[in-house]
Amino acid sequence: MLGTMNFPILTWITFLPLLGILIVLLVPSGKSEKGQELSKQIIRWVAVGITFTQLILAFIIYLNYNPAMTGINELKSFQFVEKLSWITASLPMVGDINIEYFMGIDGISVPMILLTAIICFVAVFPSFGINKAVKGYFAMYLLLDLGMMGVFCALDFFLFYLFWELMLLPMYFLIGIWGGPRKEYAAIKFFIYTLVGSVFMLLVMIGLYHSTGSFNILEMMNAANFKGDSLFGGINTTVRYVAFMGLFIGFAIKVPVFPFHTWLPDAHVEAPTPISVILAGVLLKMGAYGMIRIAFPIFPDAFGYFQTLIAWIGMISIVYGAFCALGQHKVGKRDFKKLIAYSSVSHMGLVILGLSSMRPEGMVGAIFQMFNHGIITAMLFMIVGVIYDRAHTRGLDDFGGLAKKMPIYTGIMAVAFFAAIGLPGMSGFISEVLVFLGAFKSYPVLTIISGLSIILGAAYMLWALQKIFFGVLPEKWKGPWDPTRVKYKTDDVNGLEMVALIPLAIIVIFLGVYPNPILNLMTGSVNHFIELMRPFVYIGGL
Amino acid sequence: MDLITIAFYFFGALTIVFGAVVVFTKNIMHAAFSLLFTFFGIAGLYVLLSADFLAITQIMIYIGGILVLIIFGVMLTTRITGVEVKSGKIGKVQLAVAGLLTVLIAATLIMIFTTSNWYTADSVPLNSTVNEIGTALLTNYLLAFEAASMLLLIAIVGAAFIARKKH
Amino acid sequence: MEIGLTHYLIISAILFSLGLYGIITRKHAIMVLMGLELVLNATNINFIAFARYGGMNIEGHIAAIFVIILAAAEAAIALAIVLNIYQNFRHVNVDEVDNLKG
Amino acid sequence: MTQDVVLPLSILILLIPLLSFLINIFFGNKLGRLSGVVGTTILGIDLGLAIVVAFTKLTSYGTLHIIQNRVEWFNLGSVKVLVGIGIDNIAAIMLIVVTLISFLVHLFSTVYMEGDRRYPKFYAYLGLFTFSMLGIVIANNFLLMYIFWELVGISSYLLIGFWYEKNSASNAGKKAFITNRIGDLGFFIGIMILFFTYGSFMFEDVFAGISSGVMPFNNPTMLTIAGICIFMGAMGKSAQFPLHVWLPDAMEGPTPVSALIHAATMVAAGVYLVAKVFAMFTADALTFIAVIGTITAFISATIALTQVDFKKVLAYSTVSQLGFMVMSLGVGGYTNGFFHLVTHAWFKAALFLAAGSVIHAMHHAAHHMHDHHTDAQDINNMGGLKKTMPWTYRTFLFVTLALSGIPLTSGFLSKDGILAGTLAYANLTGGWHWIIPVLAFTAAGMTAFYMFRLTIVAFHGEHKTEIAKHTKENKLPIVLPLVVLAFMSLWIFYSPNPIDASKGWFHKMIVQPKSAVPDAYQWSFLLNEHAEEDATVAHQAEGSTTHLEATTGKPDDVKAAGHTTGHYLNKFQEESHHFHYIAMILSLLIAGSGIALAFMIYQYKLISADKLEARFKFLHTFSLNKWYFDELYQATAINGILVVSKALSWFDNYVVDGLVNLSSYVTRGFSYVVGLFDNYVIDGAVNLTATFTGFLGAKLRKVQTGHIQSYVVFVLLGILILLYFFI
Amino acid sequence: MIDISHITVDLVKSISLFKPETTLIATFLLAMILDMAFKKSKNIAGYIAIAGLLITAIFLFEQTGANYKAFSSLLVVDSFGQFMKFIVLMSSLIIIVFSFFSDELHNAHTKLGEYYTLIIGMTFGMFLLVGSSNLIMIYVAIETMSISSYVLAGYTKEVKRASEASLKYVIFGAVSSGIMIYGISILFGLTGSLNLFEINQFLVANKVATIPLLLSGLMILSGFGYKISAVPFHFWTPDVYEGAPVTITAYLSVASKAAGFAVLLRFFKTGLLDSIPGTSEAWQLLGSIDWHYVIAVLAVLTMTLGNLVAVWQTNMKRLLAYSSIAHAGYLLMAVSVMNDNGVSAVLIYFFFYMLMNLGAFFVVQLVANKLNSEEVEDYNGLGYRSPVLGVCMTVFLISLTGLPPTSGFIGKLYVFSAVINSGYLWLAVIGVLNSVVSLYYYVKIIRNMYLRDVESTKSKLVFSPVTIAIVLLLAVPTLLFGVYFTPIIEWANYSMNIFVGN
C-alpha cells in the first residue's frame, strides 16, 4: 500500500514548489520585448506544471488514504509518516535537544491538503493577469504554496512553526507589490497581526518544549510526557490556561475570529485576485486547523474550561460578520470584495461554533465547512476578479444588469452565490446543517441565534446579486469590454477563467449531492479526537 | 591637636577649595593654575596616608605631565586675542539642575561612606612603599604593567594621528 | 578627633562631585577634561585611603598608579580630539557641537 | 402494478423535470421556441407516470399507509443520516395535482410567454420548480423535505424576478425569498429539536419516538414548540398571517408563474407539510395553527374586498383560502383540509390562468392601440369582456362559483366540510373557540362577494376603455387549460352525492393518521378509537346518535366524554357530521347574500360603493323588503367590513409590511452601525496602539538632544534612580 | 632578595597561554613599521593585520580545553573566553576586509596605516577584557579598547560629523570609565581585594553592607553598560554610530558589544555570585540584592527604547544603531536569567547577531559607496536595481526581526527558551512584543526596496563580484544556520561553563 511505501510523498508534495522556485528563478528574463513576454509565459506555465503535479500527488494521497486509521495522538495510526532526526545536540546542562523532521497526515489534514492543492492549482490561472515583476510574483507564490502545504503535514511543533512563519513574508510581498491602492497599509497590517499571534505561539511552544523535552506534537498530547515540576505539567493550572489562550489567540487571529478580524477586509480588498483567492481559500483554514491539531488536544482541560467562551466567540463572529457584510457602510466605496471578506468572517465563525460543540457531526461539519468555504470563497473571489480585470472597479454601485451582457458568467456566479447562501444541493448546505445539528446539542440557544446568519446571509448575498446582475446596465458598460477584441474576445468569461471556475463549480455541486468522499475521510479521526477530549470537555446531548 | 590632624585639614582644605575654584571660575587660565594647587593638596594627603611613592608620582606625572598638557591644550584652542578668555555662560536652568544633581550625588556618597563598614585591618605604617610596589608590579601585576605599556603605545599612535595636520 | 578613613572618603566624595559638576556645566572642552581629572583623582584618594586603613594593602597603590597612567593616556587622546574639533568647528564649545541628534 | 415498482417510478417522476431544466439551461438558446415544446412534452410524460403511480397507490394499496424506503446518505460513526422517499395517499394525490397543473401551465405559457427574449430560461426555471415541488411531495423525512423546501424557495425567487430589468420584480423576488427564509429558519429549528431528541429525520422514527413518550428536552411543551416551529416553515411557504406579505408582491412575476406557484402548488406545500406531520401536533399546537389559519383567512378576505388589480384580488383570495385549509387542519378537519387544498388548486389555477388570458388579451389590445400607459391589470379599465372573450368568461364564471362554494362544485363540498368542522370544533371545545367559526363564515361570505365583484366589474357591463373593446379571445393553448381545470372543479370527481362528500372515494382514501402524541396531550375528540380493528372506517348508515353533553376546557377533563357510537373515526367526525347540514345552509345563505350584494353594488349600480361609505342612511331607505335581515347585516358587517378592510389594508401596508420592512430597515440600520463600529472602534483600537507606540517613540527620540553634557546628566540620573529604586 | 621562584612557574605557563595576544602585539608593531616603510600602498597594513589575525586564530584553536588562571589570576583562559575571543577575532577580520572596499575611508586621503594598526590594538584590548578576572585588569583592558575606538570613530577627521562623534565618544567614555573606576575603588574598599575570585570568597564568607555593594555594582555596571550600550548608558551610540565611518560602526556594534557582554557575564558569574563549585546551572545570588531584577529592568528599558525610537529613524546607520541597542536588550534578557542556559543563549545569539549585523552594515556601506547616501528613502526600488543585494538585505533584515527560516530566529528562540525556562514569563512577553515592534522598521526598509518604485527605471547598480561574494558569504550562513544549527549549539554549550575556579 503506498502509505507504507518508502516513497516520501509528503516531502515531495511540500518541497515541490521549492523546485519550482529554482526553475522560475533560473528562467532568463529576455532582453527584447518579445523575449520578456516569452519568459513571462514560460514562468507561468512552469507554475502551472508544478501546481498540477502537486494536485496529482494530493490525489494519490487521497486514493491511498485509509480512513480506518484515525491518527490524532497515536503515532502508529498516522499515515505517510516521515520521521528523521533533524537537529540533535546534547547539552551538558540543559539535556539533549531533538527537533525532528516529522511529517504525517490523518483524517483532519487530508482534506486540507486536497484543498490547498486544488486552490493553488486553480489560483495560477487568474495569476496570468499579473505582468509586473512576474518572476518575483511566481517565486513568492510557490513559496507561499510550500509554507501552506508544510503546515498541514508537519507534526513537529518546531517544523509547524517554521512553515507557519514561512508563509508570512511571501504574503507581505504579494499584497504589498501587486496589491490595490492601499496595498502597503494592508500588507503591513496583515504582517503585524499574524506576527503578534504567532509570537505568542512561539512562547507556548518553548514552554511546551521545556516541559516535555521535545517538539513532537504527539508526545505533547499525552500528559505522561510532561516532566513533574515542568511549567505546563499537571492539569487545570492557571499557567496552562494562559498558554492555551496564547495559542488560541494566535490561531484565532488567523481564522479570523470576532475581535481579531479587522485585518481581513483590508487584506482582501487590497490583495490581487489570485492572492485573495489563496488567502480566503487556504490561509484562513490554517488557524482552525492549528486549533484542532495543537491547541485543543495539548490543553484539553483548558479547552474544557473555555469551551463556552469559544462557542460564544463563534456565535458572535457569525452574526457580527453577517451584519458587517450587510451593513457595507459608506466609509469606502461599497466594495464587493469587502462584502465577501465579511461573509468569510461569518462562515469561519461557523467553523468555530462547530469545533466548540465537541459533537461528531459538529466537528465533521466544521472541517467540511473549512473545505467548502475554501472552494466557494475561491470561486467568489475569482468572479470578482473577472469583472475587476474588465472594469477596474469593484464598487457594488457601479454595476447592474450584467446578466444580459455576460450570461455564462451569470450562470457560474449563480452557483457560487447560492452555494454561499447555503442552498441545498450545494456543499455549503451540508456542512452548515451538520454544524448546526452538532452545535444545537451542545449549545441550543447559541445555535438558534447563529441561525440568524442564514437569513442575513441570504439578504446580503441577494442584495449584492441584484446590485450587480439585475436591474438596468449603466451607460458606461454598454459597449464591449475590450473594443479592440485583443484581450477579451467575447464579452463573456474567457477560456482561462472558465478553466479555473468550472472545476470548482463541479466540486461544489458534486459534494452537495454526495458528500461521502470527503466526509468518510475524517469521521474516524474526529471520533477518535472526541474520545481523547471526552474526560475534560462538555459534550451536549449525551 | 597634633601635627597630623592640622596637616590633614590644611591639605584637605587646599584640595577642596582649589577644586571648587577649578570648577567655578570663568577664566580658563585661573582654572588651570588652581588645578595645580589641587594636585599639590592631593599629594600632601598621600603623604599623610604614608603613600610616599604615590605622592611623588602625583607631583611628577600629574603636575609635570598632565597639567602641562592641559595648559598647552588651552593655549592651542583659544584664539590669541589677549582678551580674557571667557568660557561663556550656560543657561540658568541647566546650572540649577546640574548643581542640584551634584549636591544629591555628594550627599548620597557621603551618607553611604559614613554609614557602612569597610574592610579594615590595623597595620603598622611602612617607612617606604616603593620596594613593595616594585615587586608587586613585576610579579603579580606583570600582565597589567605590560598591558599598560601597550595602552600608552596605542594612545601615542592615536593622538599623533589625530593631532597631526594634513601631511 | 583622630583622622579616620571616613574623612578621606568624604574629601574624595566632594572632589568626585565637583569633578562631575565641572564636566556637566563647563562649556569649554578643556574645562570638561579638567573635571575628568578631578574625578580620577578622587578615585585615587579612595584607593590610597582604603589601602592605608585596609591593612597596608599594596594593591591600592598599584591601582592608583594604573589610574594615573590611564588618566595620562586619556588626557592625551582627549586633547588630540579637542584640537581636531577646534580645526573643524573653530570653537570648542561642547554644547554647540550637536548636529548629530534625534 | 406491484408495490415495488411504485418507488422507482416516483424517483423517475422526480428526475424528469430536472432533465427539462438541464436541457433548457444548456441548450436553451439553440432550441429557441422549441424549448417550450420540449418542456411541455416532458411534463406530459411526467403527468402520465404520476397518474399511473397515483392509481396503483390509491386503488390497489389504498389501505397500506405508506410505501417508502430509506437509504443512508452519509454516516458519521455515532450519527447516521438517513433519507428516503415514500408515497402515501395524500402524496399520490398531490403528485397528480402538481404534475397536471404544471403541465397545463407549460402549455399555457407556450403562447403567453411567446414574445419574451429569455423564453428557454423561463421553461428551465419551471422545470426546476416542478422538480423541487415533486421532491417535497415524495419526501418521507424532514431533511429531504427541508432541502426541496429551499429549492422551491429559490425557483420561486428566479421565477418572480424573471423580468429582472424591472427593479420592482427583483425586489419582490428578494422579498419572497427572504420571508421564506425566515420561515425556513423556524422549520430548521424544529427539525433540529426533533433530530436532537429522536436522532433521525425519518417521519416514522420521529412519530415512533413521540408515541414512546420521549419528549424533546423531556418536557411536553417543547413538543408543542417543535410543532409550532415546523408550522413556521408552513407559514413562510403558505403565506400565513405574519409572513404573508410576500405573496401579493409576488404578482410581479409572469401570470403562468402565479398560476402554478402562487395559486396551486408551492403555497399548498405548507398545508401539505402540516398534513404530512399531522401525527406530531399536540393540542396546543393545533390550536395555534387554527388561530393563525383563521386570522389569515379573515384579514386577507377583508383586504381582497378593496383591491383594484386583477391579480392582487386573486392573490389575497389565495391567502384567504390557504387560511381556510390551515384552519381546517388546526381544528382537526384533516380530510376536509386536504380536500380543500386539492379542489382549491384546480379552481385557483383556473382563475389565475383566466386572469392571464385576460391580461394577455388586454396587452395585445393595448399594443394594437399603441397605448402603453393604461395598466393592463386594473379591473376598472376592463368591463364588458363577456362579449369579447366568451370562453374565458364562461370558465371564469364557473370557477368563481366553485370558489364561492356554490353547490354542484367541488369548492362547495370542501368549503362546506371545513365550515362544518369549525362548528363542531367550537361546539366540542366551546369558550372563546366560537370566534373561529364566526370568522370563518364571514370570510366565506366575503369571498363570494369579492369574487363576484371582480367578475362583474371585469366581465359584465360596458367596455370601460377602448382597449377592453378590442380584446379578442385567445388561442386554444390558453383556453384549453381553463376548460380542463374548470371541468376538474366539478363535484363529480370527488363524491357521488353533491351535498355530502363524506361518502366519496376521497374521504375514504384520505384518513386522518393515528396521532403519535401521547393521549394526555391530545384533543380527546381526536383520539382514534377504532384504530386497532380496521384502518378504514366503513361508513354505516346514520347510527342513532347519543347526545353528548357539552364538554369544555382542557383536553384532560374532556377525556371523560362518552364513547362514540357508530363507526366514526373519532368524536370530532361524528360531531362535524351532525353540523353538516346546519353549516351547509348557513354557508349557502351567506354566500348567496354576498353574491347578491355584489350584483347590487356593481351590476345594477343600485348602491354605489364609494357613496356607500359617505352616505350610510341612503341604504336604509333602499330596501324594505326581505333585506331587513340584510340591512342589519349590511349595516354591521358590510360597512364594518369596508371600514375594517380599509383599516386593515392600511394596517397591512404600513404595520405588518412595515414591520417586515421595518425589520429590514432595522437590520440595515443596525448593520450600518455595526459596520461603523467595526471600522472605527475595533480597527481604531488597533490603530490606536500603533499610534501610541509611534507617539512614545517620538517622545523618546527627543531625549537624544545631541548635547554630550545632557547625556552625562541622564546617565547620572539613571544610576541614581536605579540606586534608590533597588535599595 | 625577594623570592620570586613561585611566580616563575606560573609565569612560564601563563605566557604559553598568552600566545594569541602576543601575536596581536607583534602584528600591531609589524603593521606600524611596515606602513611607515612602504609609503605608497594604502592597504599594506591591512594585509599584515589579516595575516596576524589568522595566526592568532590558529593559536586560539590550540588553546581549546585550557582552563587556567594565568598571570597570578589576573587573566583566566577558559572555553567561554575562547568563544568570545573567536567572535571578536572573526568580526575584526571581516571589518578589515570591509575596509578594503570602503570608499569613505579611501578617499579620506589619509593613510590607512594607523587604521589597521588601531584595529589590531582594539582587538588586543578586547582579548584582554574577555579574559581578565581582576578589576584593574578589566579597567586597563576597557581603556585600551576605548582609546583605540575613540580614534577610530573619528578617523576621517576632516569630516565634521566624524570629529563630533569622536568628541562625544571620548567625553562619554571617559566619564563612564571614571564612574566605573570609582565603583571599583568602593568595591576594593568593601572587600579589600581586586581579584574577582578573592572578592567572591570574601563576599561568600562575610556579610557586606548591601547599599555600598549595590552602589559599587551599579557604578561598575555603568562602565559595562556603556560598552554594550544598555539604556541609561546608551546615549553615545546613535550619534557615534552615525558619525563614525560605516566599518567602525559595524565593528563597534558587534565586537565591543561582545567584549562588554563577556566581561559582564564573567563579573557576575565569578564575582558577585555565591559560586559554590559544581552548583546546578542556577547561580545563587549574593547579598540581599536581586541582580536578576536589576538586569531585567535594564533589559526591558533597553529593548523598548531601542525599538520604539528606531521606528522614527530615517538614517540607515542611526536605525541600525537603535536596532543594535534593541538587540543588546534581548541579550541582557538572557543575562538577567543568570544561569548557564542564559550564558549559552548569549553565546548562540552573539554568533548569529555577528553574521546578520555585519551583513546589514556591509550592504549599507556598499549602497553608500554607490549612492553616497545613508537615507532610508534612497533605498527605493533597490530590490530591482540590484537583485542579489536586495535579497541578501531582506535575509539580514528578516533575520534581525527573528523570523523562522533565518538564524536570527534561532538566536531569539534560545534567548526566550532560557527566559521561559527560568519562569520569567512577563519578561518573555515583553521581549516578544518588542520583536513585533522591531518588525515595523525592518520591514520599512524592505518596503522601500521592493514595494516602492517597482521595476524602477533608475540605473542598475553594479557591484564588484568580490563584494557580492562577501555579502553572500554572510547571507548564506544566516539562512543555513536558520535551518541546520546543531554545530553552533553544541559548540556554544561546550564553551558555556565559565571558569568557576576551584
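Each chain carries a letter (A, B, C, D and E) given by its place in the written order, and its residues are counted from 1.
Assume a residue touches a chain if its C-beta (ideal position, glycine included) is under 8 Å from a C-beta of that chain, and two chains touch if they have at least 3 such contacts.
If you're wondering where the values come from, they're calculated on a predicted model, not measured in any experiment.
K.L.:
Which neighbours do chain D and chain E have in common?
P.N.:
A, B, C
K.L.:
Taking touch as defined above, what minimum step count separates chain A and chain C?
P.N.:
2
K.L.:
If we define chain centres by averaging CA atoms, which chain lands farthest from chain A? Would you check?
P.N.:
Between chain A and the rest, the longest centre separation is with B.
K.L.:
Two chains share more C-beta contact pairs than any other pair here; which two are they?
P.N.:
Counting C-beta pairs in contact for each chain pair, the top pair is B-C.
K.L.:
On a CA-centroid basis, which chain has its centre farthest from chain E's?
P.N.:
When every chain centre is compared against chain E, the largest gap points to D.
K.L.:
Which chain is in the middle, if each chain's centre is the mean of its C-alpha atoms?
P.N.:
Chain nearest the centroid of all protein C-alpha atoms: A.
K.L.:
Distance from the CA centroid of chain B to that of chain D, rounded to the nearest Å?
P.N.:
About 107 Å, centre to centre.
K.L.:
Report, in whole Å, the distance between the mean C-alpha point of chain C and the mean C-alpha point of chain D.
P.N.:
Each chain's C-alpha centroid was found; their separation is 101 Å.
K.L.:
On a C-alpha centroid basis, what's the spacing between chain A and chain E, in Å?
P.N.:
Centre-to-centre distance between chain A and chain E: 44 Å.
K.L.:
Please compute the C-alpha centroid of chain C, do the same for chain E, then give the distance between them in whole Å.
P.N.:
27
K.L.:
At least two partner chains per residue is the criterion; list those residues in chain C.
P.N.:
9, 16, 19-20, 23-25, 29, 49-50, 54-55, 59, 62, 66, 70, 73-74, 77, 81-82, 84, 94-95, 97-102
K.L.:
Hunt down the residues of chain D that sit against at least two other chains at once, touch-wise.
P.N.:
701, 704, 706, 708-709, 712-713, 716-717, 723
K.L.:
Can you list the residues of chain B that touch 2 or more other chains?
P.N.:
Residues 94, 98, 101, 105, 108, 113, 118-119, 121, 141, 144, 148, 151, 155, 158-159, 162 of chain B touch two or more partner chains.
K.L.:
Every touching chain pair, please?
P.N.:
A-D, A-E, B-C, B-D, B-E, C-D, C-E, D-E
K.L.:
Once bound in the complex, which stretches of chain E touch chain A?
P.N.:
Those in contact with chain A are residues 281, 340-341, 344, 384, 394, 398, 403-405, 409, 413, 416-417, 420-421, 423, 425, 428-429, 432-433, 435-436, 439-440, 443, 446-447, 450-451, 454-455, 484-486, 489-490, 493-494, 496-497.
K.L.:
So in the complex, which bits of chain E are touching chain B?
P.N.:
So the residues of chain E touching chain B come out as 2, 4, 7, 11, 14, 18, 25, 28, 32, 70-72, 74-75, 109-110, 114, 117-118, 121, 124-125, 128, 134, 136-137, 140-141, 143-144, 147-148, 150-151, 154, 157-158, 166, 189-192, 202, 209, 211-212, 215.
K.L.:
For a test of understanding, state which residues of chain D touch chain A in their complex under the given definition.
P.N.:
25, 74-79, 143, 146-148, 150-151, 154, 157, 161, 164-165, 167, 170-171, 174, 177-178, 181-182, 184-185, 188-189, 192-193, 195-196, 664, 667-668, 670-676, 678-679, 682-683, 686, 690
K.L.:
Would you tell me which residues of chain C are touching chain E in their complex?
P.N.:
Per the touch definition, chain C meets chain E at residues 9, 16, 19, 23, 29, 32, 36, 39-40, 42-43, 46-47, 49-50, 54-55, 57, 59-60, 62-63, 66-67, 70, 73-74, 77-78, 81-82, 84-85, 87-89, 94, 97-102.
K.L.:
Using the touch definition from the top, list the residues of chain E that touch chain C in their complex.
P.N.:
Going by the criterion above, the answer is residues 135-136, 139-140, 143, 147, 150-151, 154, 157-158, 160-161, 163-168, 170-171, 174-175, 177-179, 181-182, 184-186, 188-189, 192-194, 238-239, 242-243, 312-313, 318.
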